[in-house]
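Presented sequentially are two complexes of chain A, the first with chain B as partner and the second with chain C.
Right, the complex of A and B next:
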């Protein structure tokens, strides 16, 4: 018990917590994944999914199916469930639920800006945006030439506005600046979300702090590995790490100067929670690192359901659904490419 | 005497035909091995691309991010006819990889093969069917322009530049996919 949430939580949050726990019971099980992994074609996958909660979303899709279609339709289900919860939520839960979508908003902004830089049609780009990250003036992003204009014309009226203070420049948008903008925005978003959860206090603060700290640490590792061999300087790399998490600050100092995957491993193995992740990998290997991180994340998200009267279950459910959609995407790709032997490389079982 | 002379000639004809048949069968074996290797390399490349998409997310790797602005091809193949003797011309292949977009005349990796060299490489190296074929082909005689270290660095820079449409910080899986498709390009030349 933290702050006597049991006395007051159900007044405003009890109904939605029951709803989200009901949604959780609809997540695919290991038996479902085993059936899906044995499918011979995307039509077979559609047939198996028709017996799940994804059935109504896929039943009207014409043949031939594509993997992107399966992912889009499954995402629509997640979006519908999210909107049902959001429209019935009161403060502060409604703000908490909105925070969950800011990451997708950042991805959509970067997608539009990058696509415009590459002279792509705005309508084409809007179709590829994540539905959870849409906002009213998103199409206007295409007219901005630099970050100052991005902020002034569009983003000043969006929830991302406070996150722009660290990356407003008048430099023209190019690939490197866009990448730095993406990571700077996400860093600011994570830190803001962390502070918000800390303010909520109680079980929500405890559980969400753990989950968000893991997210920050994982991003630090991914930024490090992805920037090896690129033009990103050590100082710039260090600036992209979030200012919280288990690795903050000493782990970040060491990660900033790492030049290969083995040095990253050396840094991470000093932290007991991450020893188990890197013990699954052989030296010099980074291919299975993503799966190891996803497995650890799923474990922490599932544990959040063991407690009641907190908002962490909503975040956990959204993330678990996204993991499930990633699983379905991977299984579909392996089936479509006739590479079923590799299907277990990236599928993370949730139950 | 005349019959033995005719017999020797027919033996020579038969032996020449046998050689032709053997050469044809060798070429067929080489072709099938190369096709097998190319297919395997491309399958690996596509799976690595799907893996990168799974890792980085669909919004970071999709067809709408491809650059529609005009830019020079980073890899080109030039075929010239070169004289190999009286009344005989052989095709000469020049593969230029990762030419700089800033200075297209400066080719960082260039491999020049005459047809005879290609046939020699094939007959010497291709008696087995395995996936190490493509790496062996790539490892064999590219003639580099400039010092080896600078060529590698600049080629790596051009590789990163071509991937920058998906972002500057991309997953190692996407880079691996790029290398697989690059290997497939070289294998296609040999086919």
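Right, the complex of A and C next:
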């Protein structure tokens, strides 16, 4: 019953909620980011990070350091924390935590299939996969020639199986089809996750619905902008939009027929929550759109911590960590390539 | 006798007042302990998890657990007081109005104390959980949230006071 979660949530979820809130207090603050932005080399970054919670993960790395190593070790920390939470969780929290990783699974599947298409080595691709999205038979993805085989050989045993019903065709895999496959899978995943949260009810469903609706709308805008000028037809584009969210259904109708960014802006400015995002961009500019969306997402994720006794904090924590890793990657790349003036272009402060 | 011999009012009145009194005593201790236990587990699970990252909060936040425990102690005290009020009356006088009154008074006292302590324990437990989590992030919040807990635990005290006043008038008819 909504409003009375406080009475029974702590039986199964109290300990883990307290743990995830403890993890949250270890996120890097604006002061940390300022220190990192002023570093001259990757060694400086490693030194600053060793004073934070990333210390134990980076201290054994030999110099010279690469940016990919830093990102890999930071991701390892996230994976460790996730696994600690997952092994202590009971139903339905364990299912909820697993849902968080399906997005990474989809990304890994697409990475391996694309890499195989471009004749890359399977081992090399496996190393690039996100550790949260690994599953047992992932290496066999390199063998599949078309989607039906992909499904039959590998994916039918994974949690992604139900998302494939809409995109099984016998066509051979090429770049366009793979992108469409990725977006169709992600659409099915988001809708499934949304339904699961609705079933959980209470504060979890309210908070997660808001976050997932924003995610669905953001993906709709990104799909629209990325497919302007490509051979993706309007109907195909329309099929890739999720069927929930603030933009559903009228915004989707308008987005499907947009042909340039200003038309997209016109559509989005009719929705007050997105108007503030688009007002930060001047006309014709789309590079800052990503950062504006990330900032809005971070704001909503931080707000989910204001309420107690729901599962949204777990999702929010994972997303905030991922944002932090993105920030660290950007800062490391800027420092490594001596482009420190552009450091603040893409860093989103969490606190 | 009240009413005809087969109405509900007769049935209620024919239940021995000792039944009501004993049930009252059972509720007073049983439901109070339920409230206290509920509150302690709500606070305790959050406290344990939060103390992993911030070990300094453990000793201060045991106050929340103590407030919940106090609720159970109120229940025990009132149960002991109530059971001293139980006296034997000769069987001819069991159904006198004065006997019934004494039985009902003890029953009501038990319910008052039991349910007041149940919600008090719940209240203090939930606040204690939030207190532990906030203290882990920002230690200046602890004292402020403690004030809220103190107001919450006053609820149990109200129940105890009214319960004891109720039970003070539980006088059984004297023998003879």
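Details
Basically, the second predicted complex is superposed on the first by the 349 of 351 C-alpha atoms of A that agree within 3 Å, B and C clash if a C-alpha of one lies under 4 Å from a C-alpha of the other, contacts with A are read in each partner's own complex, and residues count from 1 in each chain.
The rule we apply is simple: contacts are C-beta pairs under 8 Å (C-beta built on N, C-alpha and C of every residue); 3 or more make two chains touch, one makes a residue touch a chain.
Just so it is clear, the structure is predicted and the values come from calculations on it, not from any experiment.
Judged by the touch definition given at the top, the superposed model places A:134 against neither chain B nor chain C.
When the two complexes are overlaid on their common chain A, residue A:111 makes contact with chain B while staying clear of chain C.
In the superposed model, A:200 makes contact with neither chain B nor chain C. Using the contact criterion defined above for the overlaid structures, shared-chain residue A:302 touches neither chain B nor chain C, since it reaches no partner. For chain A, the partner with contacts to more residues, out of chain B and chain C, is B.
In the superposition on chain A, A:23 contacts chain C only, with no contact to chain B. In the overlay built on the shared chain, the residue A:76 is in contact with neither chain B nor chain C. Here chain A touches chain C in the complex through residues 6-7, 10-11, 14-19, 21-23, 25-26, 308, going by the rule given at the top.
Considering their complex, residues 38, 41-42, 45-50, 52-54, 122, 126, 129-130, 132-133, 136-137 of chain C touch chain A. On chain B, the positions that touch chain A within their shared complex are 43, 46-47, 50-51, 53-55, 57-60, 62, 64-69, 156, 160, 164-165, 167-173. Across the complex, chain B is touched by residues 68, 71, 107-108, 110-111, 114-115, 118-120, 124-125, 127-130, 175-176, 178-179, 182-183, 222-223, 225-227, 229-232, 286-287, 290, 326, 329-330, 333-334, 337, 339, 342, 345-346 of chain A.
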